[in-house]
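The following pair of complexes shares a single chain, chain A, combined with chain B in the former and chain C in the latter.
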Partner chain A sequence: MKDQVAVIGVGCTKFGDRFERSYEELITDAAFDAYADAGIDSSEIEAAYLGTYLPGAGGGKAAVSLGDALRLYDRPITRVENYCATGTDAFRNGCLAVAAGVADVVLVLGAEKLKDRGGRGIPRLGHPLLARGNTAPGLFALAANRYMHTFGLGRETLAKVAVKNHHNGALNDKAHLRMEVTAEQVLKAPIIAWPFGLFDCCPTTDGAAAAIICRADPARRYKKDPVFVKGVGLAVTTGRPYFDPTFDYLGFRSTQAAARQAYAMAGVGPRDIDFAEVHDCFTWTEISNTEDLGFCAKGEGGRLVEEGRTALDGDIPVNPSGGLKSFGHPIGASGVRMIYECVTQLRGEAGARQVKQAELGLAHNVGGPGAVSCVVVLGRG
Partner chain B sequence: MKDQVAVIGVGCTKFGDRFERSYEELITDAAFDAYADAGIDSSEIEAAYLGTYLPGAGGGKAAVSLGDALRLYDRPITRVENYCATGTDAFRNGCLAVAAGVADVVLVLGAEKLKDRGGRGIPRLGHPLLARGNTAPGLFALAANRYMHTFGLGRETLAKVAVKNHHNGALNDKAHLRMEVTAEQVLKAPIIAWPFGLFDCCPTTDGAAAAIICRADPARRYKKDPVFVKGVGLAVTTGRPYFDPTFDYLGFRSTQAAARQAYAMAGVGPRDIDFAEVHDCFTWTEISNTEDLGFCAKGEGGRLVEEGRTALDGDIPVNPSGGLKSFGHPIGASGVRMIYECVTQLRGEAGARQVKQAELGLAHNVGGPGAVSCVVVLGRG
Partner chain C sequence: MAGITRIATYVPRRRLDRTVIGQTWGTRVAPGRRAVAGLDEDALTMAVDATLACLDGADPAHFDALYFASTSAPYLEKQVASVVATATDLPRATAVADFGGSVRAGVTALRAAIDAVRAGSVRSALVVAADARLAEPESELEPLLGDGAAAIAVGTDGVIAELVSAASVAEEFTYFWRTDTQRAVQVAEPRFGASYGYARDVAEAVGAALRKAELPPARVARLALGAPDERSAADAAKRAGCDPGRQLVPSLAAEVGMLGSPEPLALLGRALETAAPGDFLVVAGYGEGADALVFRATDALPAARPRALDLARALPVASYGRFLKARGFVPAETAGEVVTSVVEWKELAQDVRLHGSRCEACGLVQYPQTRICIGCRARDRLVDHKLGKRGTVFTFTIDNLAPVAEHPLPMAVIDLEGGGRLYLQVADAADGEVKIGTAVELTFRRLHEAGGNRNYFWKARPA
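Take a look at the complex of A and B:
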């Protein structure tokens, strides 16, 4: 599928507390942003994929929500759900539809409205044995503690991820938490689930993002310099990783497998990637993910951030957008928002947060925790 | 995509009150049935699609449920949800993955466990104006009443659909309601939502069904006489059809659009179809759907069933399996179960319910009501 699909337009809403915009309005904002970017009319959209994790009350958020918001009638619209990898997997399936030849121009849209839901924003996970601490921070913290014990990492190293991503997000006018934080602020913040303090956790966010993709051959009709999909990968492992006796609590096998697939399709290795949008739902998750994606060896992710190598001017900038940490994490939207960032960087249009020599970018989601990962490699020319 | 994808194995559980089998066990039963049919081992499955409508409590039913039930790890699994068209749309997306060339052998599995959920089995739909009667029977009944008024149909004609489909289902040992009913029984049953009595409504059912698909060229390595995917179509219209001023309450535009797509891809017309599995959530729905699929003109669907033309020995047998009416309707499973029936018929392996000259079959789901439809055309050789 390498180079068969091109991204000709991207769009993104301001992420944040968007109480003033409905789910459908966020969809419309992101889609029309992408239409304008691609220079197309909605009548040219032949099929669409909606990435949304949480159905609304009464099962409301479905393919028909996208159809109604955009008046995209009589066309195929599929809703994809895959935990926190929902957005990237929606994009992946949109690419498959283009590559299969059933639609030339496809809209992929990720949207989620979490702030209206109060405590039900990120639901408690299923297993009764985890009934008390089974929140996302609680579950990721189990692995983070083991990892930090094994590799001798302190909370100070985690804090550096927060400082870096907030710095990047502060340069980004669409980010939810658009502010710098200091290491001291991060370390002194209230503890949510040890070792995660408030600033180690991504916020609960509303937002939507869109990408318009098409077959590679006619792509230059729409955009002089389109971005091409080089590789995609998706891997599911057990939904109960903490009950898997082979789980070492040091990283996620699903990310390793999804990355292998995407690199193989793209014909590249992790050292060829110029920058990456990496799933940093918690500061530790970014550190572990950079290892699982192959940017460094297992246990060396802490040093990568400490040495500034993942900073905007480092040799492998990670989350130039601000990441989930600062940009926010509306679940189904996040993956498509990463595609938006990668395309913006690859075009050289990222302004103050532009990374240098952006020829090959990577977007990565992980959910579950660790149960499912999706990786997309995008490149120019 | 025509003829690029072949079905090499199908499987189906007994549908019904399956309190003794978990969701994961139903998945396993259907998948291993399909593995045996295709003569393959699960290690040959390169990717999977799960069609499931209702997430469990805590968001439980996701791609990882399929992965865990079948130990299909490190591979791509996507959950597709599209109201009552979930099953056929999961199949459609599985076909796109094969046609795109990213996976040679793909498992498509539809599963749903409705009986454990009590009154929450089929959730109330969203709009507050419909807060009282907004059940599936209540909403479909609105259209049925208008249709019957316009075309002068009586409940006696609807009853003939129930009698026919129960007759077919009684021949099918996997059907949920495996019993004949008389027109008198249907007409005298308690009214659920006028004009629908109890026997005009499909039951609430547990079940799972599976299909294994692969690229057409190596298909004969697995099966001497594989079935080929001739055409697929999916169309979404408004999620609030009853608030759409252009809606005439006489049929569903989404079915008409999805059928057009599928016929165009297959290069056939409705008169070329030898038999069809048609979404008969209510008796009236089958009548209207046979028109929307083009088997007869609008308003003539009643005569089609009255004249016995949709019976097993008619010229266009509809729901030889027993349909949702008798076979049951576990939402995400139903579409894949229709693929199972089409393949079984096309192979000439349907036993007592075998239709004659089965060269081209069609599977059709509609959900919403009317908001989304998916059509698949399957054929031999």
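Take a look at the complex of A and C:
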């Protein structure tokens, strides 16, 4: 599929507490942002993919949430839901449709309105007895504690991820949390789920993002410098990692497998990647992801951030957008928002947060934790 | 020869210093502490804990009866004995019964179990009494009551104390009561009740049992008398012609409070910690009369002596508010769903008996029960496998976000002895106690309440 699909337009709403916007309005803002970027109107959209974890109130768990928001009727729309990999998996499905030749121009849209739902926005799902008491930070914390115990990492190293991503996010006018934080602030914040304090966790966010993709050959009709999809990968492992007696809790096999698929399709290796948007739902997750994606060896991710190599001016900038940590994490929107960031960076339009020599970018989501991961490699020319 | 083969007592780790109650209400209280069942504990869960301690690894398939006694059962309609029997993995062909009505139910159930064994209608039985009686806030009973459970195995093999005689008294007397609309135990004039509703009846039943055994009161080695307060057992002992100072098993009032139906059984357990073969032991329970049983310790006792009751390991209940919360006076989490009866039935072995699977192809023990091995992918080679109840923390978190009534909530991934890995809430942990490598044991707890019913499930606690 390498180079058969191009991204010709991207859009993204301001992420944050979007109390003044409904779920459908966020979708509308993101979609029309992308239409304008691609220079098309909705009549040219042949199929659409909606990535959403919790559709808007009254929308039902179907694709109608996108169809009604955009009055996009009488053509295929598919809803994709795959934990926190929802957004990138929606994008991947859109790419497969284009590559298969069933649709030439496809809209991929990720949207979430968590703040409509009270509390943390995510209702408890799953078995009423097994794993009861789990929370998203708590589940990732299980891995973080085992990892930190094994590799001798301290909370001070985790804090460096928060400091870096808040710095990047402060440069990004669409980010949710646009403020710098100090390591001391991170370390002194109230504990959410040990070892994660408040600033080790991404916020609960509203937002939507969109990408318009098309077959590679007509792409230059829409955009003189389209971005091409080099590789995609998706891998599912157990959704009950805590019951798997063979699991070492030192990283996520699904990310390793999805990365292998995407690199193989793209014909590249991790050293060829110029920058990456990775799933930093919690600070530790970014450290582990950089290892699972092959940017360094297992156990070396802490040093990568300590040495500033993942900073904006490092040799492998990670989360130049601010990441989930600062940009926010509206679940289904996040993956598409990462595509938006990668395309913006590859076009050289990222302004103050622009990374140098952006030829090949990578977007990565992991959900579950570790149950499902999706990796997308994007490049110029 | 029928009698007691095993005995164990469970006391919740949480203790409330009575001065906290005294300071809250500005009242004088007796010194000492009372045991407090946690928000996730009740008579059912403590009964499971006591029964597991009593079994202490013995094969539950050996037992064919389980009697549960309590005045504070968490259900008015729904049998508790069958839940306890299932959670402790007794066979389906088990005779079960719930005893209640008054706190003498523990001794009554013990008598019924020994009678059933003697009659040959059951081979060996488990008797478990448990109470977490609620007192009205600011009442005299509030500092006095304590929560706990005691379990006794009854049979004919390996008897450590054989039944010699039994006697009962039955007569209406209004002393303690709780109507079907009252949550907390009510009490009539306590001094009159202690004298006429307690000491008189207990002395009469003990006297009658001793006469049946042709045993002069002075020959009794230990008297295990359940009591309404710290002082009245001595009065009952005296009225029965005994010397309280020499013969009475000391009250648990100062350390755990008045336990209700498990109290005489727990005191009998204390007596058996030190009794010599040939010693006569008397146990009695009260309430609208009394039941008294006379036992003689056997030669098998020294080799099968019950473990000493460990009251040293305690977690302080930090405030009166925490106490009210533990006793259910503060609304608990009710979000989410209760397990449906269909799922409960389908998953009974997995969720209540706590059976996992063992792969016949690769040997991996795993949980929950599925069709395909997570280790080698062999299909339908997984066989039912009872999981161990002790293990080690592989990893953990201390969660402040989970929608539960008490924070922080330790959650742990636990590697079990004998294989299998579980992910459970950790109960009764002190600050810093849960970490990688912490030894834990499993305990059956009230997990969650919703839709007018309760979910019970396993948790871990530091071993």
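Keep this in mind: the second predicted complex is superposed on the first by the 364 of 381 C-alpha atoms of A that agree within 3 Å, B and C clash if a C-alpha of one lies under 4 Å from a C-alpha of the other, contacts with A are read in each partner's own complex, and residues count from 1 in each chain.
Note that a residue touches a chain if its C-beta (ideal position, glycine included) is under 8 Å from a C-beta of that chain, and two chains touch if they have at least 3 such contacts.
Note that the structure is a prediction, hence the values are computed from the model and not measured.
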{"item": "Touching partner for A:372 - first (chain B), second (chain C), both, neither", "value": "first"}
{"item": "Partner chain in contact with A:99 - chain B first, chain C second, else both or neither", "value": "first"}
{"item": "Touching partner for A:191 - first (chain B), second (chain C), both, neither", "value": "second"}
{"item": "Chain A residues touched by each partner, larger count belonging to chain B or chain C", "value": "B"}
{"item": "Chain B versus chain C as contact partner of A:238, first or second or both or neither", "value": "both"}
{"item": "Which of chain B and chain C A:246 touches, first, second, both or neither", "value": "second"}
{"item": "Common interface positions of chain A, toward chain B and toward chain C", "value": "124, 238, 240"}
{"item": "Complex contact set, residues of chain C against chain A", "value": "335-339, 343, 351, 364-368, 374-375, 394-404, 408-409, 411, 413, 415, 419-423, 425, 436, 447-448, 455, 457"}
{"item": "Footprint of chain C on chain A - complex, ascending", "value": "120, 124, 128-135, 137-138, 141-143, 145-146, 149, 190-194, 238, 240, 242-246, 249"}
{"item": "Residue numbers on chain B that touch chain A, as the complex places them", "value": "1, 47, 53-60, 62-68, 72-83, 89, 92-93, 95-97, 99-102, 123-126, 232-240, 253-254, 257, 261, 265, 368, 371-372"}
